[in-house]
Amino acid sequence: MDFSVLLQDIPTLLVVILGVPALLVGYIVGAEFLVRRLPDKNRPQVRPWIWVGPALAMVAAILFIPAIATFIQSFQDNHGNFVGFQNYQTQLSGFPSSGAWIAIRNSIIIWLVIYMILVLTFGLTMAVLFDRIQYETVVKSLIFMPMAISSVASGVIWKFMYWYQPVGANQTGTLNAVVTFFHHDPVAWLQDQWPGGLAILNNLALITVATWGLTGFSMVILSAALKGIPGDLLEAARVDGAGEITIFRRVIFPLMMPTVVVVGTTLVIFAIKVFDVPYVMTNGNFNTDVLALRMYNLLYLSHNNAAAAAVAIVLLIAVVPVLIFNLRQFRAVEARR
Amino acid sequence: MASVTYDHVVKRYTADVTVVKDFNVEIKDKEFMVLVGPSGCGKSTALRMLAGLEAITEGQIRIGDRVVNNVAAKDRDIAMVFQSYALYPHMSVYDNMAFPLQMAHMPKTEIDKRVKNASRILGLDNFLKRKPRALSGGQRQRVALGRAIVRSPKVFLLDEPLSNLDAKLRGQTRIELQKLHRDLETTFIYVTHDQVEAMTMGDRIAIMNAGILQQVGTPGDIYDHPANLFVAGFIGSPTMNFVPVTTSDSTAKASGFDVKLPKSVPAGKATLGFRPETLTDRIGDQHNAIDMSVDVVERLGSDQFLYGQVGSDSVTARVDPKMKVEPGDKVRLGLDTRSLHLFDAETELAQF
Amino acid sequence: MSVATAGRLESTAAAWSLPWLAQRLQRSLLHIAVIGLTLVWIIPTLGLLISSFRPSTQILTTGWWTAVSPPLQFTLQNYQDMLSQSNMGTAIFNSFMVSIPSTVIPVTIAAFAAYAFAWMKFPFRDWIFLAFVGLLAVPLQLTFVPVLSFFVAHGIVPDNLTSLGLPPWIGLWLAHAGYGLPFSTYLLANFFRQLPSDLFESAEIDGAGTLTVFFRIVLPLSVPALASLIIFQFLWVWNDLLVALIYVGGSVEVAPLTVNLANLTNSLGQGYQLLTAAAFFSMVIPLAVFLSLQRYFVRGILAGSVKG
C-alpha cells in the first residue's frame, strides 16, 4: 500500500479537523455579535432561534421533510404520478410467501421477539451474576466489547464461527467442530432451511450475531439499575425473612422493571431497523431478508424508488407504537420534573 | 453605598398567583436589614427582584435614587450570595472570585489586588488554587462571600447563606458576617427563615408572611411590641403562649385564670399572649398567680421550661433551673402582668 | 453496594459442615457460570484474532484452536497482504475523514440547541423538543431517497465535490449530522437542565453574557456528557455501514473501512486470510477508543437511555 498518498492528504485532514469547528464557533460568535446590536426588547425573542436554528434546520432538512417526502412518494409511481395504494399492493401481494412478507415476518416477528427476549435475558442474567463477583469490571468489559465492533466486522467474526464443510471434511468453523465432536452431522447454519421455508435456524444464527453484539448494552444499563437499588431495601427484606430468590422476584425485579422497559423499547427499534448483520452474513438470501435490507435492495438493485418508499413506510408503521410509547414516557418524566 | 427602596412592589406570576403584595420598605444606607418569614412567604422573590433575577410586576425598586426596574442585573451594582453558594465548580477559588471582575474588563493587576485583599479578609489565602469541591462547607461559604466582596458593590444581597452549614459553624459565621458588615460599611440585605439569625444579626427586621409585609422594626422592638399574632408567634423561642380570653373592661378571663389588663378594652373575645419568660416561679406585686399542671419538664441547664395545662389551655413557662418539678406535679406560677399582649380575635392585630 | 453484599455474605457455617459445603458449591457454580458466559462471548473474537495470524493454507484446512498447540506457526503475512492488496490504508484515512466531522458537527450544533432548550424561553420550545424525542425512533431508511435525490440535484455527490476541490464526504457529513442530532440534543439538553440554576443567575449578576456563560460555564461543566456523546457518535459513525453505502457508495477513493470490509466480504472467494486481517484492522481504532474511554462511553449510554 502506498502511504505517500495519505501524506498528501494530511493538509486536507487538518483543514477539515480545524476548519469545521472554526466555522461552527464562528457562526455562534458572529450571530451573538449581531444579536447584541438589536434593541434590548428584541434580543430575548431573537436569541433562542440563533441557538436552535442550525439544529432545527438540519433535522428538518435531513430527517423531517425527507420522511414526509417518502410518505408522499409511497403513493406515487417512479414518475411522480399518484397511484394510491398500488405500491403497497404490489409489495404486499402474494401473502405469505412473497419477498416483502418474508421480510416483514423476519423483521417484525422473528427479529423483534426473539432478539429482544435473548438480549434482555442475557443482559439481566449477567447483570445479576456479575454483581456478585469481585472481578466484575473485567468481565463486564469483555462482554461489552462487541459494542465497539462494527456489524461488518462482527459479520466476519461470525462467518468463521458458522463455517461449514461437507460431511467428513475437517470442520474449521467453531460451531461445527463442536457439533461434530458430539457425532452429529455438520450444520450449514446460514443456509439451513426448515420445512416450508420457515428458515428458523439461519435467522436464529443471524440474531445470535446481533445478540452477541448488543447484550453488553443491556447488561450495562440493567446493572446500573441494579446497583441503584438502595441496599437498605434489600437488607430490610432479608430481615423480614425473605430468601435471595424471593428478594429478586419481589423486590429487585419490580424495581428494575422501568429500566427493562426502556431497554426493551430501544431493542425493538434496533430489531426493526436491523440491516448490517443480514447484509453482511447472507445478503437476505435463504429467506433471511429483513425490511431495511429489502428497502436497500429495491433502491439499489431494482432502482425502484416508489417500492422502496412503500417498504420504508411499512418500517415506520412498525415503529410507531414504540414511538408513541417513548413520547408518553417522556411526557410523564417531564411532568414529574 | 446606597439605600434601597421598595415602593409598592408587586410580583405576580399569573392572574391569581401573587407572591409579593404591595411591598414597601426603605432600607437605609449601611443598614443590615433582614427579611425573615416562613418558606414560601415571598422573601426570596423580593430579594431576587432587587437583584434583577425576576421582573417586577408593579411598583418601583430604587437603589439610591436610581430606579432599577429595567436595569440589567450586572448593572445594578449589587452582589449576591446564594444559598447553594453557586460557586463555579470547574474554577479555582481565585478564578471564582476573579470572574465578576474579568466580566467587568478590569485590568489584571487590579483584579489580583482585589482578590488578594478579599482572600485576606476571609482567611482564604491558602486555598486560592483549590477547586470548590476540595473545600469545607464553611470555606465554600466564604468564597461565595469573597466573590461578592471583590466587586465592592453598593448593596450585598444574601439569600439564606448559612442554611447549608452545621449548627456550630452557623453560630460562628453569624458573628463573622456582622463583623464583615461593620468593616465593609455597606448595605446588607439578608434573607432567612431562621428567626434566631434575624434577631441576632439585623439592625432591623422585616417580617413577611404569605407575600405580605407584617412588620418592620429593630429586633427589640419586634420582640417587645409585635404588631400582630403572626409576628408574635414567629419571633421568640419557645413561642409565645396564646390563650383565648373573654374581655370586659380591663380584665381578661381565660379558662384557668383571670388577669388584670394594663388598660381597658372593649368587651368581647380576644387572644391573650405572653412569653414563657413572663410566666415564672416568682410571684411578686406585679404577678398574677396561676396554677399549672405540668406535663413535660425540659431542663436545659441554664433554663428550665415547663409545658402543661392551665385550665384547658396549653402554656409554656420558664422557671428557675433549680426548681424541683416532675411531670404530673401541680405548681403555682406567677404571670408578669407588665408584658402582656392582647390580639383582636378577628383581625389578629395587637391591641397592646 | 447493594446486592453484592448478598453474594459476598461471609460464610457463617462451620467448615466442612453440610451448609458450608452447600455455600461453597453455590459460589463455585456462580464462578463457573460467569466464566463460562464470558468465554462464550470472547471465543468468536478470539478465534478470528488467532486465525488472522495463521498461514492462509492452514486457515482453510484446520480450526483456529489447533494453532495454540505446538508446533506454533504464526505469521504477519495476512496483515502485509491485506495492506498491499485491499486499499485498507485509504479506507482508514477515509474513515477518519468521515468520522471526525460527522462527530464534530452534530455535537456542536446539538450543544447550541440544547443550551437554548434548557435555558432559554421561546415559543413552541417544548413541542419542538418533543418532536426531537419522537424523531429518535424514526427509521433512517425513510429519509434516504429524498435526501439522496436532493444531494444529487445540488451536486453534493463525491465526484462533483472532488472536481470542485472540496472533500467528497460533505453529503455524508450532513447526513450523519442530521441523523445524530436528535439523540445528541436530547442527551445534552437533559444534562444542561440539571446544572444548578444558581450558577446561571450568579453569572448573570457577575455580568457574563450568553456566550460567556456557554463557553466558560456550561461547556466546562458538561465535559463528562460531551465526552460520552463524542465517543458515542464517533463509534456510531465509524462503525456505520448503511449510511456510508447510501451517500458515498463503494468506490475505493471515498469508501470508509466498513464499506471496504463489506466489499471484501462479498467479493473474496478464496481470500479469507485477507478478511481476517482486514476485520481486525477495522476494529483497531474503535477498540482503542472504547478501551481507553470506556467509562465515558458507559456513562453516555446510561444517560441516553435510563432517563428515557
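Just so it is clear, A, B and C label the chains in written order, and each chain counts residues from 1 on its own.
We take it that a residue touches a chain if its C-beta (ideal position, glycine included) is under 8 Å from a C-beta of that chain, and two chains touch if they have at least 3 such contacts.
Everything numeric in this text was worked out from a predicted model, so none of it was measured.
Highest contact-pair count belongs to which two chains?
A-C
Could you pull out the chain whose C-alpha mean position is farthest off from that of subunit C?
B
Please report how many Å separate the Cα centroid of subunit A from that of subunit B, as a whole number.
The computed centroid separation for subunit A versus subunit B comes out at 58 Å.
When the C-alpha atoms of subunit B and subunit C are each averaged to a single point, how far apart are the two points in Å?
Measuring from centre to centre gives 56 Å for this pair.
Please work out the Cα centroid separation of subunit A and subunit C, and write it as a whole number of Å.
Centre-to-centre distance between subunit A and subunit C: 12 Å.
Could you list the positions in subunit A whose residues touch two or more of the other chains?
In subunit A, no residue touches at least two other chains, as defined above.
Please name which positions on subunit C make contact with subunit B in the complex.
Spelled out, the residues of subunit C in touch with subunit B are 196, 198-199, 201-208, 212, 217, 220-221.
Quick check: in the complex, which residue numbers of subunit C touch subunit A?
1-8, 30-31, 33-34, 37-38, 41-45, 47-48, 51, 59-65, 83-84, 87-90, 93, 96-97, 100-101, 104-106, 108-110, 112-113, 115-117, 120-122, 125-126, 128, 130-147, 150, 167, 174-175, 177-179, 181-182, 185, 209-211, 214, 235, 238-242, 245-246, 257-258, 261-262, 265-266, 275-276, 278-280, 282-283, 286-287, 289-291, 294, 297-298, 301-302, 305-308
Report the residues of subunit B in contact with subunit C in the complex, numbered from low to high.
Result: residues 51-53, 73-75, 78-80, 82-86, 88-90, 99-100, 103-104, 147 of subunit B touch subunit C.
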